[in-house]
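Okay, so chain A shows up in both of these, paired with chain B first and chain C after.
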Partner chain A sequence: MRFVLAAASLQRQGTRTLLAVLGVAISAALLLDMVMLSTGMRESFRSLLSRQGFDLRIAPRGTLPFDTDATIADASAIARTLKEHPEVDAVSPVFGASVHIARDDATIAATALGVDPAVQGDYELLEGTSLPDTMSLVASDAFLVATGARLGDTLRIAAGYDPQLRTWLGRRALVISGRARFIYLPAEQRAIALRLPVLQTMAGAPGTDRVNLFMVRLAPDADADAVQRWIEARSPRVTAVPTAVAIEQVDARLSYFRQLAYILGAVSLIVGFLLVTTLVTVSVNERVGEIAVMRAIGVSRVHIVQQIILEGLAISLAGTAIGLLLGLGTARWLNGILATFPGLPEPIDFFLFQPRAAWTALGMLVLIGIAAGIYPAWRSASLPIAATLREEAVG
Partner chain B sequence: MTAMRAAERFDVAERILAARGLSRDYRLGAETVHAVRDVSLEIDAGEYVAIVGPSGCGKSTLLHLLGAIDRPDQGTLDMLGREIARLPEREATAFRLRNVGFVFQRFYLVPTLTARENIELPMAEAGLARDERAARAHELLSYVGLAGRERHRPSQLSGGEQQRVAIARALANRPSLLLADEPTGELDARTGAEVVALFDRLNADGTTLVIVTHDEELARAARRVLHMRDGSVVSDVRRAVRP
Partner chain C sequence: MALLFLALVLQVESAVPSDPSAVSISPTGTSALAPTRLTAAADSLRNIAIDERLAADALLRIGDLVVLSATPGGDGDTVRVAAITRGAADPAEVARADHRIRLHLDQLQTLAGYGDRVDRFAIATGEGAATDTALRTINDAAFGFRAHRSTDIAVESSRTFAVVDRFHRAIGIITIVASATFLLCILLLKVDERRRDVAALRLIGISRRTVVRAVVIEAALVAALGSVLGIGIGWAASAIVNWHYRGVYRTPLAFALVTPQVIVIAVSLSLALGVAAGWLAARRLVRAQPLALFGR
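Right, the complex of A and B next:
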């Protein structure tokens, strides 16, 4: 009967109830989006950095991986040193450069990565083969669209522009052997991958042996920190960053997002609380006489309180359910907008639905809805029956 | 009918209620109102009592005390052999649920519930099974002349019909005592007369009634009339049964 009474009370002022539910829904949506925002980028970066199974990234000393154009010289020697460590399973060198492709009357610029195809972790092959020889390249979809080229086509690639000589240091005719998704580059970026020595030769003086980055995969259960210390002791010109540390650094950089999300999330909880409290209080104040009569005919104080709390709970639950859909829709829409920001890797999500965090936050909103009903419920159930009826009769 | 004749009718004169020295004051702004002063009375099973008097004389306050929805400042109130004047809140509520029915001037039906659901409310509180509640509600609606109106909401009923639903609700748990506060106060003469007739029938069927009223017709129907003035009972008149 308490459910029937609670439903009846909410139904009595249907428009008001609907507006309150919508208000709670907006609060819930905001709260959900803030929770998704607070964890989305961090988890996306974590997933991105852990995706290919590399445990360490080695960059020129004092820099972060691909943070600058700085390079590591004597790359082959360092790679050999790294492989000496018993816990190092694989070393993937990466060298980045700008390249230009002559196509009809135009020149198209692109990013080129020099990699070792046997251990590379920069792209996922979608079609074709992955750099079978020194005359091949794999390309991103954006590159293929921009050049109008297809798998099997031969392209003339130039790299290493020398402004003094006003010429390119290296030119090659390369065949497109594969189509790939470049994991750490934006989807819209024109990108190709070549075998490392090919790009090194094209982009620098002959015999140049430099890379921007090594990605290192360790044996299972290896101590990444110990390997890091070992590498930095052996090669003072590099900085080794364990993936866990890189994630922490990303996390630190995203702290503003989190703080903003926490503040707005807290505001949405407060707004939800005030909305439910206001609605329940107004609703209860309008029927103090009716509540007094229910008490007079023997309805217990506890049952009155339960009925009114049920009203607050129903508003919170309905609002939270709608807010869940609204929040997911809003997050998807905003993600679509933010994902078009230039320079962001394709798999990065600003809003990431993480069930545990989302249910915790929405559960808190429901609990707050219950708490919001307690005071007006107890107050109305505690009104002196006779005095209330007397005042109602006078009123 | 005299008290003696009422006793004859109920084989053994069952004392429903015995009040001794009831007093109740309350604050109205800075002023203390002596609403009920040293009232003593006894009510037996089957009696039909009207409490009359000018506005503000303490009728409703006395009714509230008799129904255990208010507590006297002084005095004792024995109902069905139990001292109820100072029962803890929870016990008083449970006592009212089982033993006292209330009818109010403004009906106070839950507007979004049907007539049947309103009647079922105290029965649900008492823990009656759904089928039993529905059967009893049906029976009570028939008794008050509203068979077929089970699914009507209060807004679909006239004032007189709403008051009859309120009376059915008051009878739901078969109370020993039915208390009514100005039950015809919001009704026109015709529908008021219907409610008066219903109370008459209720009493004839054995329900003990105590009614606060300004309605002369209703007061005339009662077998016993208590006149109040300034919080005190100034006369207690028992009358013969009307023809």
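Right, the complex of A and C next:
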């Protein structure tokens, strides 16, 4: 009976109910988007950094990996030192440089990574083989499109250009042995990977036994913080960054988006609450006579309160259900906008649907819808029956 | 030849390997927090300028001596802090907590082992066609270089900000739709509450048209008052947002601005919705029988 009466009451004010449901739906959509934004970024970066199982990133002191052009000198010695630690399973050195490929009349620039193919964690091979020898390279799709090259083709690649002598520097003929997805680079970036000594030699003096970064994989139960302290004590010229710290640093840089998400999420909760409260209050005020009649014929106070709460709940549930769909759609749209950030790695999503966080937020909105109906419902059910009936009859 | 007459301006900071943090800076004193004071013997030292963020973080003041080196712990030059600078507000760099040092080009080239190299030249040209001529001349003559228009570089380097701007606009559209729905709902309820007044007006002979006008004017007034209040809240909120983020990012940038254009859009939207809601509700009320509105 309560359900029937609540439904009848909502149907009687169809336009009003529709608008309220729409309002709650938009609030729910915005809330869902903001929850996805606030939790998604962190989770997405965590997933990216943990993807290849490396627990520590070692960069030149005071810098973040590949945040500057600074390099680590005496890379071989540092690599040997790192491998001495019993909890270090693997050390992957990475050296980055710009390279140039002369094609017809144009010169194509690309990013090159010098890696050790046995332990590298910078790319996932999609086709072919991963750097079988010193004459090979692995390329991204964007690189292959830009150069028009295919697997097996030989390219003449230079690491620099001397404008005074008008000659290429560090030029080599390399064969494309594989096609790969570079994990930490944007999809549109033209990128190749070479064996580390090859790229270091091509780069000349700036690359001599230098790397930009070491990625370190630890034993399963290793204490990353303890290893970090050990590394920094042994090599004062480097900064070791555990994955958790790297996430925190990225988080700090993107704190603007997280705070925006919190503010807008809170605003959408307040708007949802105000909307349902206003609607239920006005609806109840219009029906005090009707409620007094129900009370006069013996309907209990609790029954009336339940019926009014059901009305708020119905609006909240309907709005939240529509808002869920709307929110997923708008999140996709907003994510598409932020995905165009220059230099953003391909697998990063700003809006990530995490069921637990999403259901908690939407559940809060529904609870707020219920709470919004309690006070007006109780107040109207508590009105003196005779006086209210007289007031309504006389006007 | 015209190229010879162009004023060439070297951007000293651009000769720094793309991030100045690649050049380490350490005070010559025993502690990084207790830099050495300028002494008479140090008069022959070269001067550097540091930004106020670095000055605050490293507790440096004008006259302090510091050692600059290209690698952490490596050999370097002792220099004197001669100036503390404040960079222009650059949205593209807002999230980067960079420290910037400006020093003489030759000194940085030596320090960084750059040789006789620079990253780029900034060239001042005359108005209009002079830029096109310079661009064409340089690109035709220089082999291995490429000249770009400053505006093109600005567009390219502000891509991050452009994305954030698009994101803000998208969020703005969503919030406008949400607030418009909310406003429409509230105003419909507000007008609906006046059913007894409308019934009374109709019973004493006031025409439907006059009633509709009165209700619409009332709704518009409510919307206008709400807009004024909203502008006040928006202004206070923008002040809080600017105060907060200027502190977080240590930048003079304005993060939220209540511009005349924003006010016009907000007030227009509010008034339009108010009038529309008032008209819709009033029309529905005047079509009903007055006694029905009384609940009889």
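By our rule, the second predicted complex is superposed on the first by the 385 of 395 C-alpha atoms of A that agree within 3 Å, B and C clash if a C-alpha of one lies under 4 Å from a C-alpha of the other, contacts with A are read in each partner's own complex, and residues count from 1 in each chain.
Just so it is clear, contacts are C-beta pairs under 8 Å (C-beta built on N, C-alpha and C of every residue); 3 or more make two chains touch, one makes a residue touch a chain.
As the structure is a computational prediction, the values presented were derived from the model and not from experiment.
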Which superposed partner A:Arg390 touches (first chain B, second chain C, both, neither): first
More chain A residues in contact - chain B or chain C: C
A:Arg301 touches, of chain B and chain C: first, second, both or neither? first
Which superposed partner A:Ser255 touches (first chain B, second chain C, both, neither): second
Partner chain(s) touched by A:Leu334 [first = chain B, second = chain C, both, neither]: second
First (chain B), second (chain C), both or neither touched by A:Gly289: both
Chain B versus chain C as contact partner of A:Ser268, first or second or both or neither: second
Interface residues of chain A shared between complexes with chain B and chain C: 289, 392
Contact footprint of chain A on chain C as seen in their complex: 17-19, 21-22, 24, 71-73, 95-96, 142-145, 159-160, 163, 166-167, 170-171, 174-175, 177-179, 181-182, 184-186, 188-189, 192-193, 196, 245, 248-249, 294-295
List of chain A residues in touch with chain B within their complex: 1, 4-5, 8-9, 11-12, 289-290, 293-301, 303, 384-387, 389-390, 392-393
Touching residues on chain A, where the partner in the complex is chain C: 15-16, 19-20, 22-23, 26-27, 29-30, 33, 60-63, 67-70, 73, 161-163, 166, 236-237, 253-256, 260, 264, 267-268, 271, 274-275, 278-279, 282, 289, 330, 333-334, 337-338, 340-342, 392, 395
Interfacial residue positions of chain B with respect to chain A in the complex: 26, 60-61, 64, 67, 69-70, 89-90, 93-94, 96-98, 100-102, 104-106, 108, 110-113, 117, 120-122, 124-126, 169-170, 173, 181
